[in-house]
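One structure coming up, written as structure tokens, with questions to follow.
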Amino acid sequence: MKREIPILLTVICGLLITISFFAPSSNPGAVPPVEPPVWQAVNAELLEWAKILFAVAFLLGIANLFRINLKQIAAGHEDRVYKAVLLVTMSGFLVVGLADTHARDLPRPLLAALVPARTLVLSDGGTLDGYVIARSQTDVTLRTGPGLEPTVIPLERIASETAPSLKLWIYDKLFIPLQATMFSLLAFYVASAAFRAFRARSLEATLLLAAGCVVMLGQVPIGNEATGGLAGRALAFLMTYVSTAGIRAIIIGATLGGLATGLRIVLGIERSYLSE
Amino acid sequence: MPAISLLLQAAAPAAAPAAPPAWFSLDPSATPDILGAWIVCFLMLAVYSFLYRDNPFYKFAEHVFVGVGAAWYTLENYETGVLGPVREYIGLAHGKLVANRALLAADPAAVNLQFVDLGGYPVQPGWAIALRCVAIVLSLMLLVRLFSRNSWAPRWPLAVMVGIYAALKMTGETQSKLVLQVKETMRPLVSPTAVPWDQARHVEYSTGFSLFANLVFLVGLVCVLSHFIFTYRRQRVLGAMSRVGIVVLMLTFGSMFGYTVLGRIALLIDRVADLDAYAAPAYSLAGPPLAGEQPGFGATLLSPPFLVGALMILLLAVWSLGQRGRRAAGAGQD
Amino acid sequence: MKNLAAIDRRWIFLAMGTLVVVLYALKIPGTLPVNEYVQSYYDTIEALPEGSIVMLAADFDPASAAEIEPMYVATIHHLLRRNLRVINVSTWPAAPPYTQKYFDEIAPQYGKVYGVDWVELGYTPGDDVAMGLIGQSLKSTFSTDDRNHAPLAQLPLLAEVSDSFRGIALLVSSSAGYPGILEWIAQVGGRYQVPILTGTTAVQTTALYAYYPNQLKGFLGAITGATQYLQLVGRDTPALHALLAENQARMLVQSWSHLLIIGLIVLGNVVYFLGKRGARA
Amino acid sequence: MDLSAGATWIGAATLWLNERALALSPWIAVNKLPTLVAIAGFGAIMFASQRRARRGEAIEIRRINGLDALDEAIGRATEMGRPVLYVPGTDEIKEIQTIYSMMILRHVARKAAEFGTPLIVPVKNSVVLAFAEEAVKQGCADAGRPDTFIPDNVRYLSDEQFAYCAGIAGIMNRERPAANIMMGMFFAESLILAETGFGTGAIQLAGTARYEQLPFFVAACDYTIMGEEYFAVTAYLTREPGLVGTIRASDVTKVAAMVLFVLGVWLATAAVNEAAGTAAGRAPGAAGELFALYQRLFG
């Protein structure tokens, strides 16, 4: 039973999704009106489940990150100071972000401490700081004043609105530069590998490097001008007629591999994923 | 703004930014604030210090990156994958359920009942809630893994996920990457827009070239496919086709190689542009220049990228000297 | 020769870094001829009737923003200038702040109103599943919008779209990898038969040729594709002139960096083969 | 070419198709029928081949160059008295390539145990760590030398991509493995790994189905297992009928695809020629119609 039920679940879900792929979709303009096929609901609901599980699995990963790092700090890992930095930044950002997300449910002192208030510039020139709890077509409900009491303000009284956000500030000042810079390191590694490792040892490698050089020259103004436009034309030929042939064959091959695995999973033959 | 170009005395100085930056501002639409500029420059240069060698600055930046990144992904997934489809959805459905009950209580034959829209199909609110509860149960089963590594419970949600993903990918990709690829390949050997040799502006536009190029394409495609045939014995024909296939494959990889280089360098240029923007006098410790005054070298040298960079190099030099004493000679440089 | 072969790679790092910094400071523009795929991308947007609804998917994050941002910004300008209405979604969790930032900046230039001319629905998790859901029904995928966390019923624009991608005339994905354009094509393009355009990072570009012209109506390949597109859109969009100049200036840096890489490959091979011959002798 | 004789049956076939499509439309999205046929056809061939393979009918698999180099690489490491490094890729166990990598690892571990050469396996993920340990242990047992399993040589380095990569570079530089075997799913780090390994002078053998990273492996490694070859490796090594049958099914489909491609190009060319002829005043034939019919067959 330990294995049978999961396999059954996989097969049922897989088949339902497959069937709804082939099912006709609704036809709102039909005369006489036709009720949309129930497969639309089956498809949507199952995909929603997968989406929720995807997100929950992610939260599970975070819990693991906490656990592994705490364990390493406790064990006196040589990088324990940095692990602590990791945990502090992560928890700090989580608190700020969660406060932002749950601003509507947060008690007053926490809200004022963790979430920066919005500023509404009113049409009479005055300003109003507070937290928006609801919006409608005609007005905005704001928690404002020293007591953070809900106040309704009609839209026509509002000239403009600024939305300061600590969450976005951290994203802008820490996340963006770090992630972008990490990946830009690769430009240096490409340069180094170009000199130290890319060797024309065989006919194959020579062809590869030559084609690479054609693309590098043909893509940019100087390479193109220096060769009198030849590089650009060679690039166009290479991409349209040669590379497309190669890539299409690769795509077809990879798809067949995926199709085989997919079929085996949906039909309940492939079970290696369950041994986890 | 091209502050570095001031150092090199090239190019004209650009116009001043629209609004001078504040010391600290949480408004995302405002000019980036000064405190942020220093933090950004420090973190970026700390990452680049890895090019010299692994060092405390890099380690610090790396761990901040993992922490901030993990937190951001958690927040987004929580908000859109848990709050939205569970709390808000069920709240909405429950509201409709209550409204329907009230309607039915007043008139058992009421027709204007409210439904929940599920993929374009109207579903009764009660059913909608019940179905979503199954997802909640499955999620809770997944969370059992936190407490017990080898429990059977997480296998159920895992099995559901595997089935859905496998089927979705299998159907969609067979259509776009197999069946429709045949359709993409249906192009004539001679392009209808090709003209005779003597009328063509370039060789590429001539009939002869079009025929040649399209033949290269078709032969190349068939040959690469035949290279990936494994279970038929390779006699002369298949062997020769496979060798041609390898040539095409290598040229394909070569073009990928060239494109990859293009992309990686674009990333580096963008970072340099960012550092350059923060080298503007407005962010400098020397303060913005007075009206009509040309910003000098001093201001640029006291701007975040230059000052942080200089300090970091100094500290790294000191740190390296300290390490050299401690580490045995010949330790692996990676 | 042997010394050259055993050179510390940090000298190469230094050469690369210096080259890019110095050339960037010079700010000399370089122009590019526009290729067929970029032209087709531009023409497809131009051919849409005014008021059509376009779905703009932001599938990137800061790591690849350098390559995607220029095309993303130019596409927003192009769509709004043509009075097309835009629904923004994202399958990458780190993309929505970019959407918000650029619409904050660009929409007022064309006098656009949130909820009527554009909406931001934000991120939805699940990769392929997210795209499947968006295709099946936008309104049951998102419970609120991303900008104001308001119920979707309050956004008039969404009243015109229904399930199975009905009401949406075009899908444009700014794609940096997985999940991205190839998944959109598989999950939405063939299934709901909607025309698709894309702008992608360089690494993905080679694969796109296999989907043109049926499954993809046009594409912007890498930063060079973005520059070509900016040359087209920038003609009638003064707000884009600064971005165009910046990108054209980057093209020069790009050129010389490529030449450096090619030089390094050639030099590396010369050193290698001379060293090998020396060893044999 | 003259296709006018076929014109009547083409018309009839088109009419018949239209009727069928209309009749089927309440039950199935007609434009997806070709996909259904493709999936069903592929499945049928797959099961038939699997049954044949199970009955013992030999389905030969062609040589895969990189794989034959495996013994050579491990042998050389033994001669030099240096370890072998096996990198199982950067993705989690959910990725099919990682699962395949574990099967290859078991085979490599067996060879290494037979030669008595230490095998170092750095991993990026704690779940993969458990799988890798198990694979190495089993490989040693397969060789009849369970004593050669050294738990410390299967190492968890880091979950962060570049930290993991720097860790492997450190192993390459310090422990100087004579053979680097990299099999699995790789991302941007492929470049750094291939370069560092090249610098240490090790024999390098790489395999991945992720084509974006293949250029760097081809340029800097001695042997590369490319794209689909990677999926054939496990069938090649294990000869398991299920896997061999799968490979046969993809081969048959590829041959079918080749035929369809050539046919499509031929018909398209005929249609264009005919259109040009009609424009020049010649009587229209049936090529255009036939091409239209052919196009419809693919949705």
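As written, the chains take the letters A, B, C and D, and residue 1 is the first residue of each chain.
We take it that a contact is a pair of C-beta atoms (placed from the backbone, for glycine too) under 8 Å apart; a residue touches a chain by one contact, two chains touch by 3 or more.
If you're wondering where the values come from, they're calculated on a predicted model, not measured in any experiment.
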{"item": "Pair of chains whose C-beta contact count is the highest in the structure", "value": "A-B"}
{"item": "Centroid-based (C-alpha) most distant chain relative to chain C", "value": "D"}
{"item": "Between chain C and chain D, centroid-to-centroid distance (C-alpha), Å", "value": "29"}
{"item": "For chain A paired with chain B, centre-to-centre distance based on mean C-alpha positions, whole Å", "value": "7"}
{"item": "Separation of chain B from chain C, taking each centre as the mean of its C-alpha atoms, in whole Å", "value": "10"}
{"item": "Whole-Å gap between the CA centroids of chain B and chain D", "value": "25"}
{"item": "Multi-partner residues of chain D (each touching 2 or more other chains)", "value": "32, 35, 39, 159, 162, 211-212, 215-216, 218-219, 227-228, 253-254, 257, 299"}
{"item": "Junction residues of chain C - those touching two or more other chains", "value": "13, 16-17, 20, 63-66, 94, 97, 124-126, 129, 132, 136-137, 140, 162-164, 190-191, 203, 206, 210, 222, 224, 254, 257-258, 261"}
{"item": "Residues of chain B touching at least two other chains", "value": "28-29, 51, 62, 65-66, 72-73, 77, 80-81, 85, 118-121, 164-165, 168-175, 177-178, 180-181, 183-185, 214, 218, 221, 225, 228, 249-250, 252-257, 259-262, 264-265, 267-268, 270-271"}
{"item": "Of chain B, residues touching chain A in the complex", "value": "25-29, 32, 36, 39-40, 43-44, 47-48, 50-51, 59-75, 77-83, 85-86, 118-121, 123, 131-132, 134-136, 138-139, 142-143, 145-146, 152, 155-174, 177-178, 181, 184-185, 202, 204, 213-214, 216-218, 220-221, 224-225, 227-228, 245-262, 264-265, 267-268, 270-271, 274"}
{"item": "Chain C-touching residues of chain A, taken from the complex the two chains share", "value": "21, 25-26, 28, 36, 40, 43-44, 47-48, 50-51, 54-55, 58, 132, 135-137, 168, 171-172, 175-177, 179-180, 182-184, 187-188, 190-192, 194-200, 209, 212-213, 216-217, 219-224, 232, 236, 239-240, 243-244, 247-248, 251"}
{"item": "Complex interface listing, chain B residues touching chain D", "value": "54, 62, 65-66, 170-171, 174-175, 178-183, 185-190, 192, 214, 218, 221-222, 225-226, 228-234, 249-250, 253-254, 256-257, 260, 331-334"}
{"item": "In the complex with chain B, residue positions of chain D that touch it", "value": "32, 34-35, 38-39, 59-62, 159-160, 162-163, 166, 169-170, 172-174, 196, 211-212, 214-216, 218-219, 226-229, 232, 235, 244, 247-248, 251, 253-255, 257-258, 260-262, 264-265, 267-269, 271-273, 275-276, 291, 294-295, 298-299"}
{"item": "Touching residues on chain C, where the partner in the complex is chain A", "value": "7, 9, 12-13, 15-17, 20, 30-33, 35, 61-66, 94, 97, 124-127, 129-130, 132-133, 136-137, 140, 148, 150, 154, 162-164, 166, 191-192, 206-207, 209-210, 222, 224, 251-252, 254-262, 264-265, 267-269, 272"}
